[in-house]
């Protein structure tokens, strides 16, 4: 058991180091002095601000130090929670910007991921080997999973917000409302949250439904399913077993598709001007606010690693085979 | 009479047409009888075993009847058969090692199965434990997952589970083929023990290995190319077979003591016919040294002596 | 005359994550094969018999000890010299369907030999060479050439592989369970084919789990248990006067056609039951993947019992 | 990106003990049998025809367009019309949506083929090597695969693309290919493992074949259907990643892609103004191509895997 966790943690540690190194290396790999390029591309009227920025960047990049020292300081500031300063919202630290945006993204991402996983698996299991359901639901599933996240968001926004006026076009809450824990504010939050959530949910739902349907069909062809049939077990029992077994790879899939769902969340936020990480990153990209981009990247990495670890733990709890296998090799 | 099979025909659907894997077989298995069913691969023996309990998706019922303890089995009806499965007729499949759901504890699986058949798991538990012990398993296996058991242990578990409700007929499909000689013997003896203790009334043991059948079976039924060739007591089949196929087959089997240098055995030339468009008449005709014109007509499976059935014109005459 | 000689050959497998554990699959096995003789390696699963075959064929490395061919250690063979080795030593394996690449035609195995070993041979000459070796294994070219593996029977496929080996100038053939997947009516003919090859001067290592087959074809017999030799010698001596209890147990467990298991003498029976019980426990651990290093008890030196007959000493504890 | 159409085990080519190996039945040779099932498979036929139609459109379309994709000069925000060849209408700046659409469609196929192809190539090299060599080589490759698998590659691409001064369609495709291979490598490694244990590999060794020959001439041909299906999934994934990157503002410079069309339409409030002809076609095209590829993939799976065939 411990060996297994240590190995997993080892992989995550390596991943983290690789990601941080890449994050640090990318600006260095680009031709020319990145600071000059950066400052040159920022359109600031006030020469004092430009001067200020230049010095700030020189310090942040530590360009005058040997490479290994620059790398070392990158880690040091990282562990101090210092991800640099935003240019666009100078002098707000990147960490502050991210921490403000994070709740909105998580509020979309977590419910959309978990609910789509749950509902998709239920539907997929229902569709498997039931001709009519399979033939009607499956095309929808494929269409959904092939839909770019932003396009569905655009369509939903256009139809529900612009054409029908049922939902707001964007933003996280009514700008006229005061930010407080009042009923009015919370309902405004929920009202604005719904369309982006639905959009994320639907695309992910298609993928899970199809995955489950295919897995179940394979499970129903497994030897244990045939044996149960031969012993006259009702289809209900066999399908229950098949569903449970098919869920296991779907749990692993949850970790594997996380990157894609995050990408989906980012672009969905852009469509709805929803003030999460995606919206921030979009602003940062269009304004060349590099520290924000790099900072968000590191945050996403950390989030994904944590999520992977949680999935690992869940998997061990759910699948007796890994549990026993580990005990066997550990003794 | 425990099992009566009458002119049973089951084909396999393929692109090119029907493969006549089981083309009209008629035989019976008596109460308490262990019947061995032997033949080469593709002769239809497993098809026969499967068709009595569970049709796979490619199998097609063409005709005939199977009667167990006086009741006709609705073998063509997947759902209708559920009333008989497990309680009246059961199977230890070829894939016994992978027959248990890997993610369910064996005890829970058994309980699920019993509940589904309207039997109280609690009530069966003492008997289940007793039988596990009888086959040399610690009842603690009920709390284990299949992966914690060895292949042999899984097979014994399946044997106990399949026979828990004392079915009238148990089909054991190639259960010794993947085993070492020492374990083969133990499994064979376990099967006989099940019959002797009344866990099963009758047994149908399907295998390609005649010498195993000689050890454990009361009677042996030889199949060839989708049809029956010969049925008699094990002793008779081995020492005085009457169908030319059986005779040639037995004379081709080496035994400890027979050596190439001293006595060179010979096989049967040729191969069995394809069953997609099987030849008219006796299907062994092409390989048979005794074949004559008469063999263009299929020989009936008739009783030539008491409890000795043969499908050959030479013998029927 | 070249001799294939194994001298205290051992094989250790690294298992577990990053090779943390060791499994001793073959222990200090020594024997030699002369041209013109068939030597049987007999053992149950886990006896290391197939590993020995693979080591002889250089498909698996030797951990300790040496295998020499005419005095040359085969471990040192590199590209060119390895090719020369394969000109003289070839193998045929258990599963005919696995031995052919399923997406190509079966006779592609001949083409591979031609590409590697006879690139300059003209087409006509090559075809007559193929025809000659097909005749040697009694195959009709019309029936077997230009067909996919699934269109041929297991027996035909195994013969084709032997014919493939005969295209080369082979002196030794490793035949690993080559007939265990064939049907009873055709397997004996393939076995007889090995006898004919022996008469042509080939040295054959015949690997099998079936004692009756080993007894039938081989001049000398080696009984393996858990990677080590327990008994070896002239076939008639090993089978006629078995010394090691394991050999006795195997002999008693083999299902025979004319004597039944029950007819065993009771003393031997008791001894055997004990041994086969411990046997199945080991099987359990091996199957469950819990690796148990073989105990030291069986690695004991072989002692000459009579001329041309050695057996491992049994510790009385 | 989505691996939802789970790749199945390739068909088990070892025939079962029963029903019999039927020489007559198999007279229909492997290829013809596959073709028979392929033509009967509605999913495959549907997926293939949609994909090919779109491909044809991508090839021919730019020649039909009456205006350059980035040219201004049309009526601003015009709905689709037959006048002046603005069949798909114009953008808010008066650009030809049809010209942009077909250009984007062409880029879609380029990114998909190139990105998917590179990913498939890396996946094959890593998967084959790990599966065939085993041991330490496998341990190391496995580690690398796992690391790349865990890294949210989209976020990584985002940072890289943001720093690139000039972004080309080829660079985009190459970077997508470099980051999306891990699951393919994993799947191929497992396949290779199971094939290496087959006896025909040993037979080839004893016929004097080198490791490279064995991998490419014995093992790989056995996986051709599998490799093709894998490429399809990688293709679809690359298209979706590219569209997302483009939408976030990191698309290729000097041209226009479907993702960029969507970005510009959102940026210019085309939704609020109801310029549906601007943002509906690009997304629809992506969905049609990727969706039909996925459907085609299921169809192929059914064709190649006898277990899923319906008689």
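Think of it as A, B, C and D in the order they're written, each chain with its own count starting at 1.
Please note the rule applied: a residue touches a chain if its C-beta (ideal position, glycine included) is under 8 Å from a C-beta of that chain, and two chains touch if they have at least 3 such contacts.
This one's a predicted model, so the numbers in the text were calculated from it and none came from an experiment.
> Which chain has the mean of its C-alpha atoms lying nearest to the mean of all protein C-alpha atoms shown?
The most central chain, going by mean C-alpha position, is D.
> Give the chain pair that accounts for the most C-beta pairs in contact.
Contact tally peaks for the chain pair A-D.
> With centres defined as the mean C-alpha position, give me the subunit A-subunit C separation in Å.
Spacing between the chain centres: roughly 56 Å.
> Can you work out the whole-Å distance between the CA centroids of subunit B and subunit D?
Subunit B and subunit D have C-alpha centres separated by 49 Å.
> Give me the residue numbers in subunit B that touch at least two other chains, ranges are fine.
Answer for subunit B, listing residues that touch two or more other chains: 41, 148.
> Could you list which residues of subunit C touch at least two other chains?
Subunit C, residues with two or more chain partners: 153, 288.
> Quick check on subunit A: which residues sit in contact with 2+ other chains?
There are none in subunit A.
> So in the complex, which bits of subunit A are touching subunit B?
222-224, 226-234, 237, 241, 244-245, 248, 319-321, 324-325
> Residues of subunit A touching subunit D in their complex?
Touch list, subunit A to subunit D: 11-12, 14-15, 18-19, 22-23, 26-27, 30, 37, 139, 142-143, 145-152, 154-155, 157-158, 161-163, 169, 206-208, 210-211, 214-215, 217-218, 221, 249, 253, 256-260, 262-264, 266-267, 270-271, 281-282, 284-286, 288, 290, 293-294, 296-297, 300-301, 304-305, 308.
> Quick check: in the complex, which residue numbers of subunit B touch subunit C?
Touch list, subunit B to subunit C: 40-41, 148-153, 180-186, 188-189, 208-212, 214-215, 238-239, 248-250, 252-260, 264-268, 271.
> Applying the document's contact rule, which stretches of subunit D touch subunit C when the two form their complex?
Residues in contact with subunit C: 13-15, 21, 23, 26-27, 29-30, 135, 139, 198-200, 202-209, 218, 221-222.
> Show me the residue ranges of subunit B that touch subunit A in the complex, using the header's touch definition.
Touching subunit A: residues 53-54, 56, 81-87, 90-91, 93, 95, 98-105, 112-113, 116-117, 145, 147-148, 158, 161-162 of subunit B.
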